[in-house]
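Okay, handing you the structure first.
First chain written, first letter: the chains are A, B and C, and each begins at residue 1.
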Amino acid sequence: MAGGVSRRIFLKSLGTSAVTAAALGADTVSQGLAQANAERAQGPGAVAVAFTVNGEKRTLMVEPRVTLLEALRGNLGLTGAKEACDRATCGACTVLLNDTPVYACSMLAIEAQGAAITTIEGLARDGKLTALQQAMVEQDGLQCGFCSPGMVMVLTALLRKNPHPTEAEVRRAIAGNLCRCGSYPRIVAATLAASGQKPVTQLNVISLHDHALA
Amino acid sequence: MKAFSYVTAQTADSAVSLVGDRGRFLAGGMDLLGEMKDGLVEPALLVNVKAVPGTREIAAGRGTWTVGANVTLTRLAEHAEVRKVFPGLAQAAEAVGSPQMRNGATVGGNLAQHSRCWYYRQRDARCVKKGGARCLARGGENKYHSVLAHTMCLSPCVANLAVALAALDASVVVQRGAKTVTLTVAQLYEKAWTDAKAHHSLGSDELILRVEVPVVAGARSVYVKVAEKSEFDWALVSCAAAGRVEGGQFRGVRLALGSVAAVPWQMQEANAFLEGKPATDETAAGAAAILLRDAEAREHNGYKIPVAKALVRRALAALGA
Amino acid sequence: MPWPKETKFLGKETPRVEGPAKVSGRAKYTGDVAPAGVLYGAIFRSKWPAARVKSVNLAKARIAPGIKAAILARDGEFDVRYYGDEIAALAGTSKQAVLDALALIEVSAEPRAFVVKEVDALKTDAPTVVAGRANLTEGAAKETGDVEAAFAASAAVVETRVSTPIQVHHPMETHGHTVQWDGEELSAWSSTQGVFACRDSFAKSLNVAQNRVRVRCEHMGGGFGSKFTPGAEGVLCARLARAAGAPVKLMLTRFEEGLAVGNRPSSFQKLKLGADADGKLTAFEIYSFGTPGHTAGANTGGGSGGASFPAPYLYKPAATRVKQGSVAVNAGQSCAFRAPGHPVASVGMEAVLDDLAVKLGMDPVEIRVKNDPFDVRRREYAIGAEQFGWKQKYRKPGTMAGAVKTGVGCAGAAWMSGGKGTQAEIQVNADGTVEVRVGTQDLGTGSRTVVQVVAAEMLGLGLDRLTVRIGDSRLPPSGSSGGSQTTAAVSPAVFDACENVVAELKKLSGIEDPRGENWQAACAKIGNLPLQVRGKWREGLSTGGAGGVQFAEVEVDTETGFVKVKKLLVVQDCGLVVNKLTCESQINGGVIMGLGYALYEQRVMDARTGFVLNPTLENYKLPGAADMPEIEILLIDMPERGVIGVGEPCTVPTAAAIANAVANAIGVRVPDLPLTPDRVLAALGQVPKGTADTVRRPGAWVDGRASVAAAPVAPWVERNGGGQAYR
């Protein structure tokens, strides 16, 4: 293959029209064509992006600069994943990309081409909460709830991989998810409860009148 | 984010030719998309390099391991063999950002990331790295900045893997035009030491393909850092060490410090000082003193000097442990 | 009837009503609401910390693709006083369209000299933030007793200096609104702490009648004091919607959240405290100042408007001298922030008290019990000390060997407010179901569940028979959620409504006690139209005046300066506990926010550019799960006091207790919060002095030498002649 400059010209011409076979050997041309078609630049206008969301095939038209989070929330109306920082610093936008938790704010929708995405809306089926979601409610693993979708996604992935995590493993799993209300202790408790472990409560109500020291 | 075109490169060769002078490579995107959202860079084209063949493997070779540029930090950190053979590398990967970030971030992206200096990242600040006349951290808020600087710019190298790989004496294989070239970690960053505008030595059309890490019989490695928070925080200072402790003596030990200079900070003199000396805290302190000898405290970052010294001692203690 | 003694729901653990919706992504927050044809709105802000804006040209932006409205924040010439001040706003069909158009706005302005550091702003030749007004506003010193004589007669006197940073609220959901007009009627979905206050503020700002404004807030992602009004962003959103003739959603970015929507004022405190040989406090003196932002205003005494705070905090020495000031800087204005003034006051007072205890050779718990005027808190100290193992853990400061040292500390809190003025409406249907309506809002405190718990308890019904409607200005009026008043305001109103329901049902059905098992039979008599009954807040069911003490155990790495909090014990009274589950969560949250204040959080301003350097969650550091200590809570149940809010007192003493524990561990006080490694090492004397760089800012306030005129603005700024959109 030729050097950078001539190759760029080659690709540019391919991008808009056909290239003459005479310019290159026949094998090279068919390989080159296949590759160049695959390597045709898309955008900057809206382009078709197809992926699976919560088991459903979806195709949408978005500019390459649209993030996965913007596409999910804006184009698909899936507002469960939240935009809280838009800079990969808080985890409120977490979704599963091929079962791996990612920050939807920090990848482009076009990068998810062909991928299987699970959002918070895809967990509870027919209104029935998962064991983790149920535990989050019962153990009060939330306050304002804005971080909850991201927390649930990252912990769902943890429990799939590691059904009986230790407290330290749970804490580490949510290291990339911030909660300004400070619900971490109850989120950890909920995760332990969901994995069949006894959650710890550190709250004791005592009567001032009965207490020996009071 | 300004509008741009997007293409997925199928080979390293086409990736570097496609990117041209107005494009940028896109791998994990953890660094780049933030820069674009803040208007610091406005590429006309993003070249997705994740499909480039051979860049997703971790391969154990004879005497050398190869780690592809598109290996995610999660995979590197969790790789059982890497944890055994190069624990310092796995620890460095594990210390990056958060789980979701490591799921996206790649080895190549970690090494090629741009400055995290808050003046550089501030969209309205015109600093030397962005073509201004001055480093705004000088005389400004420089608590996260370099104590060892050669240019006007005080932004330090914060790439965890660079620090670990420097101590492991690894090489970085880069696609440069139609050829591949092999660089030492020092070479990968030396331009940042001499050119205030540079983040590393790579041109915008040069693509990291893989790193090669030599296996040294009996050697151990370790990576330690101190940050303000317990997790998901940049290192204030980090230190990696690799080498052997034999018969109570340091052998073939290499040290590197992160977040103290524009490059992973290494000094041959410090490594040589350790050679054959008893593996004690006193020896370690001697090496630390050499490494930090030229360090210069600014208004707010003087604390980095004692922290770096403490980390050198801890890293060396861990090597012998 | 009074609050019942034997209860089924009250004081038990009731999961949040809205929990399932929140953990499944169904809960709709302001940014999730999407009326048909909704446009995307964004604000164009000043990139100058100070400037006279001469003109703003929106012509190019207005005709950009997809743009439906372009408006000015202010007409004519005006001053911008901080980096991030509002200049204009756009609405368009997509985020991308609006981003592109924002870059087309042109501003002509004269940059002015500015000052962003509190100490710089105090200097006599500092630029004035508000023309014609001194930066520093000081109240006269307030004195009680003969202070000099009292100090002279004291057995021990200590002086302590502390400073506290600007803390930024950073709720996970940024500030924002979705607004729709229908003729002259305005409908807003607002992320707010007060739907009624928000309604009235919209009406006033937009010159619309109050009966034509509706504000809804079904769910909101935290406020912590920063979301009482629509703010500039709400008014701009409504104006954009009017101009575009379409609904507009305007949610701020995290970047804007760090600049423009409030913060906790900073403080610089010089304290002096004296005691007699028994440790009884004799004399107190404080001089303090801090910044509440670009408008220092009058000395408010409360701390939420100005930078002043309660002093002396908690303790009552006979002789006191208090002088406090607020200094204006070119930065975003402060507003209420969870227990305004109190954490600031606590950090200083508890520090000087511990330093005095050390000097007297007294135990810190002992000196507190001896001097605290509130008997509940004194008993809480006794209970907490035993549970914490204080006697076993406390060592003389700095006496521990080894590089990593542990230490312990404690501190107390007071919170005064009660809560009144709320109304509730209960509708009982013939099928026995009940709908309770209160125009309050749920910030994440669980107020919706409080309504449910009280109604279920008082009507003797299962939770599944009740629905609760809140967060709408068309519901019965309720006050804003501030001052820890919501539970104390809402519970009595629901209680009262329940009593009225029971009376009505009794009349209607002839059943003596229509509650519980008789409910269905009683409701069968209701007839075709549902029974609707109101209730009002009334005396005797709730009160104010919560105490609370906390104990901290920390580990300090004296080689790296890293502080790790190992344990926090909270002893908190909150009267009658309504819901244990949400009460515990509130306290956890207050403690964690206090931990952030102690160790990580601070807004960093750059003197030369006037920029906020950390309007991000990358560098404005919020505590994460890994930073959590073991948190143990002892809740003191005092049902005879009625319902008392707990959201604020629990955050007050945390930072002071941690700071005292660090001082106890290392034997020296780290004066400046947050206690980051650099500061801990500096306090230990391990940091080499920094060389002032040769590159100095022209016009810098170095030693007060530079002159104002020399302070340039333009060279440091990326693009001259424009403002900035912070997307």
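Couple of notes before you dig in:
Everything below uses one rule, namely that a residue touches a chain if its C-beta (ideal position, glycine included) is under 8 Å from a C-beta of that chain, and two chains touch if they have at least 3 such contacts.
Note that the coordinates shown come from a computational prediction; the quantities given were computed from them, not determined experimentally.
Chain contacts here are complete: no pair of chains fails to touch. The most central chain, judged by the distance from its Cα centroid to the centroid of all protein Cα atoms shown, is C. Chain A and chain C have Cα centroids lying 31 Å from one another.
Chain B and chain C have Cα centroids separated by 39 Å.
Our note on geometry: chain A versus chain B, Cα centroid distance of 26 Å, whole angstroms.
Residue positions 1-3, 37, 231-232 of chain B each touch two or more of the other chains.
Residue positions 96, 616, 618, 623-626 of chain C are each in touch with at least two other chains. Counting only residues that touch two or more partner chains, chain A has 63, 65, 86-87, 172, 175, 177. Every residue of chain B that touches chain A in the complex is listed here, in rising order: 1-11, 13-14, 16-18, 20, 26, 29-30, 33-34, 36-37, 45-46, 48, 74, 97-101, 103-104, 177-178, 205, 231-232.
Residues 1-3, 37, 116, 118-119, 121-126, 130, 132-136, 138-141, 143, 152, 226, 228-234, 236, 296-303, 305-307, 310-311 of chain B are the ones that touch chain C when the two sit in their complex.
Put simply, chain C touches chain B in their complex at residues 47, 83, 96, 99-100, 559-562, 564, 599-600, 604, 606-609, 611, 613-614, 616, 618-619, 621, 623-627, 676-678, 681-682, 686-697, 700, 715-719, 724, 727. Chain contact summary for the complex, chain C toward chain A: residues 11, 15-16, 18-20, 22-29, 31-32, 34, 94-96, 169-174, 219-222, 224, 251, 253-254, 376, 379, 382-383, 386, 443-446, 573, 577, 580-593, 616-618, 622-626, 628, 630-638. Taken in their complex, chain A has these residues touching chain C: 63, 65-66, 70, 73-74, 77-87, 89-90, 92, 119-121, 123-124, 129, 133, 136-138, 140-149, 152, 170-172, 174-175, 177-188, 201-208, 211, 213-214.
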